[in-house]
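Note sheet for the following structure.
In order of appearance the chains are A, B, C and D, and numbering begins at 1 in each one.
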Amino acid sequence: MTTHVFKVSTKLLYDLSQPGWILLNVAVNKSAAQRVVRERLTSNAAAQFREHSVPEGTTRFHGIAAPAGLLEVVYAAEVQRDVADRLDENPVEKSLIDLPPEVIPYLYPSRYCESDKLVRFAAKEFGHLLPGHERVAGICNWLHANIDYQVGITDAHTSAVDCVTLRAGVCRDFAHLGVTLCRAMGIPARYSSVYAYQLIPPDFHAIFEVWLGSDWYYYDATRLAPQHGFLRVGSGHDAADTSVATMSGSVNFVSMEIAVEKVSAERVHYAVGPVSF
Amino acid sequence: MTTHVFKVSTKLLYDLSQPGWILLNVAVNKSAAQRVVRERLTSNAAAQFREHSVPEGTTRFHGIAAPAGLLEVVYAAEVQRDVADRLDENPVEKSLIDLPPEVIPYLYPSRYCESDKLVRFAAKEFGHLLPGHERVAGICNWLHANIDYQVGITDAHTSAVDCVTLRAGVCRDFAHLGVTLCRAMGIPARYSSVYAYQLIPPDFHAIFEVWLGSDWYYYDATRLAPQHGFLRVGSGHDAADTSVATMSGSVNFVSMEIAVEKVSAERVHYAVGPVSF
Amino acid sequence: MTTHVFKVSTKLLYDLSQPGWILLNVAVNKSAAQRVVRERLTSNAAAQFREHSVPEGTTRFHGIAAPAGLLEVVYAAEVQRDVADRLDENPVEKSLIDLPPEVIPYLYPSRYCESDKLVRFAAKEFGHLLPGHERVAGICNWLHANIDYQVGITDAHTSAVDCVTLRAGVCRDFAHLGVTLCRAMGIPARYSSVYAYQLIPPDFHAIFEVWLGSDWYYYDATRLAPQHGFLRVGSGHDAADTSVATMSGSVNFVSMEIAVEKVSAERVHYAVGPVSF
Amino acid sequence: MTTHVFKVSTKLLYDLSQPGWILLNVAVNKSAAQRVVRERLTSNAAAQFREHSVPEGTTRFHGIAAPAGLLEVVYAAEVQRDVADRLDENPVEKSLIDLPPEVIPYLYPSRYCESDKLVRFAAKEFGHLLPGHERVAGICNWLHANIDYQVGITDAHTSAVDCVTLRAGVCRDFAHLGVTLCRAMGIPARYSSVYAYQLIPPDFHAIFEVWLGSDWYYYDATRLAPQHGFLRVGSGHDAADTSVATMSGSVNFVSMEIAVEKVSAERVHYAVGPVSF
């Protein structure tokens, strides 16, 4: 196992026509393999903060009540991230009855992942592959070969079914399609937003996680950044559950700046393969 | 408060070409106001059962591993259901920052409730109403007046956005639209499947629940059955989370029979209004 | 060239709650290669008939004004159909500026053929094929290999974009997808409804026509009936232009029976290839 | 009757990576009430032009074969436009059987006007209005009251069904919805692109035409420009048939400038009402 240490930061600027509320989703998620050494969330204004996590423990929200005017919020953290040097198993798909209850909701279609509409498509394209990691890797390879990574074709309303015909999209769309094709094959899958070291330009990145064997394994069909540098922010059914901010009507988004910096040595794993958080 | 006692039962028939798995979602949910006095889940075959609940505690799943052949599963329960005689408050909408964390996921769009696509529509139709129960009642009234209850127009892929233009649907579609219009106005809302006393013909019924004040209140824009006779089976983002059964490929659905019987006196509340489970 | 002689008939039954109007589209289209030897259109009631053709001359409509009650309409015709024994050219795609004006509308997307949404998909799947007949044959082969012919999955609202993800459909869907993929590659294409000899069960069949060289060539990716036995009824942008009947509100469809009989010798051509009406 | 004289011009700039083809649709349509006094179509390059009209005579296309490099095309025309001072009839809807054949195709759904999906919606909203001009005026009033004119919400793929839930759009979307709601009520309707005097900023405008009595009447639910200043360029099923340019792959659009100038006195008619070209 190698432990990497990263510093991440997000600077968000909002303009409030009246006092308003923002629910932020930018803090690094805490887990055994992803330890927040230190972090702070500050603002320029007399804003009130309140932290809470959704029951699954996969997402930390920070509610902000802010006065009218310009609001600058800065989140910064130092995070230790363990990455296994080698996962020598080929994790398998579990039968319906052997799934733990917290995994069951990720079998079902969601806003941007209409897996009910792609059952036949997935069976035709991926039904011949070996169940487990090999099938998911086949889905990633198909995505990389058939979907163009291209900014400006898709938007916040684009779903996996839209993207599979458009044949273009960004990381969000790749992750949605990955999730959808797995669910369409009966494999639990969820969407995660992450800080990603060496992603150019710096931004939140989207990947997907698949329940194989007895753990979530993550996959990134865009192949845009090294896997050991992913720091999970939030996981959910799809991008609807992990948006950076939910705002009340008086709040307008102005700008966002993200930085991810490495502060320790590392061994790089670019390959698509079974790696868990 | 009045306590009603109901007996419910579901008989399901499946045909398995090979041994297979079914994840059933037909058991009555347990809560302080809805007490399962006795229940049983049986089958005609040498099937194995396993029960688990999703983390939110709103849905009980029963996993079944069954041999090839015809599988008959019977669920039966006796349930005590408390209904408040009078809810004299007019529950209000809470601001983003005052929502408890377990409610936050129900602000976001889901598979059949694409609230992101109906924000402007909802604001135009319901923006002038008073926040809270009055606004949700306005949504129910609009649904009752503008959507025809009609079997055969919609199917398992129909979403709220489809239905709002089709202007017809069944209880599932009414509930999806109710959920969607609430979320589009910033009000947390979820979908529930229920046993419904006096629903004709007997079937699972779908209603929606809205987070007002500090509780979930349920609404049924179809007005097809009395509210005191709803026994919740499961709640979730939408019908995707609460389907009766999730099956592996070798399992074919044959038939379903449902019965709901009252075994105690009652006072009937037909009106659309704030009533919680 | 071989000339085949066919007898076709359609018996339609409608129920009118009040006097009403029907616009029928069941008569065989007249062209140099498809000659109507004799035909009649009769009804059981005191109905008035009126025939007219759309400006392109590709569709004959029969307007019917009928009294209240049951209306039985029978169309019957004997048709001579010339089929070239061999089309030895490999017809090519023409550039935009060399298309005759009447062909230009068939470059554009239509109700069931949203070619604007499949441009990238078509380029990725068929861009490497030689322009002309080879590319269209490639599209037919792809359809035959990737879309299941299956009744009951699609309905009258299903479009090509729906079908390309569903991966299943009937002749109407195969024809819509063929039209759409051609238009997405810049090739004019239209949809035709035909009587089809040896189609089982007897029904109207749908095929598509492609403008190559200087003529319309027809293709049938379903491969369900021999090409020499197609008798064109109507052509248009898609099924919207060629529906069997357009009815006023008081008219209800009851049943339809179709028969196609061969009254002369023939040589059979099953292969997908360049054959024009 | 008042005759107005207008000068219109369009300057288009394209960049061709290789020699390519463009099919332009910018020339003013010629009719008895809209007379082209003089016009010219010129370019900076050694381009070849070819003019043709679609069979319906409603659209003039100019095919251009151009060399690689920057291509500037200028169209300019002087047009006499007759406007009736008063249309004193209240034109009525005709029954199916009384429609002339060239009007029939405009009963059916098209790419951006999926009238088959809004039949129930239209019946509920407009079924109680008097047939004919009153119903169409009711549709225009509904559009003006319920759809926000807003740039940037919709795009080239947006259809009437999308827009009816989005509740926002531009002239193209207003016209598509007008067409769709008419067709959904059984009234033939088509889409027209026009030069519009006093439209700010200058651009092609989109309106819709409805077959009432025995003529096409035009309607503009945006109310953005006076009706006497509309000069029709092309009519068709929807925007798919009347796009400014259809281009081969090597052609990139750079910019467009439009000007409309009045060169004679006028009487202004702003009201929504029956006025034909």
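Here is the rule we use: a residue touches a chain if its C-beta (ideal position, glycine included) is under 8 Å from a C-beta of that chain, and two chains touch if they have at least 3 such contacts.
All values reported here derive from a predicted model rather than from experimental measurement.
The chains that touch chain B as well as chain D do not exist here; no chain meets both.
Taking each chain's centre as the mean of its C-alpha atoms, chain B lies 45 Å from chain C.
Chain centres here are Cα averages; for chain A and chain C they lie 47 Å apart. In this assembly, the C-alpha centroid of chain A lies 29 Å from the C-alpha centroid of chain B. Residue positions 117 of chain C are each in touch with at least two other chains. Chain contact topology: the protein chains form a single closed ring, every chain touching exactly two others.
Residues of chain A that touch chain B in their complex: 21-23, 48, 50, 52-56, 61, 63-65, 95-97, 100-102, 104-105, 107-111, 113-114, 116-117, 156-157, 186, 236-237, 240-241, 243, 246-249. Remark: chain D residues 117-118, 120-121, 124, 146, 148, 161, 164-168 touch chain B in the complex.
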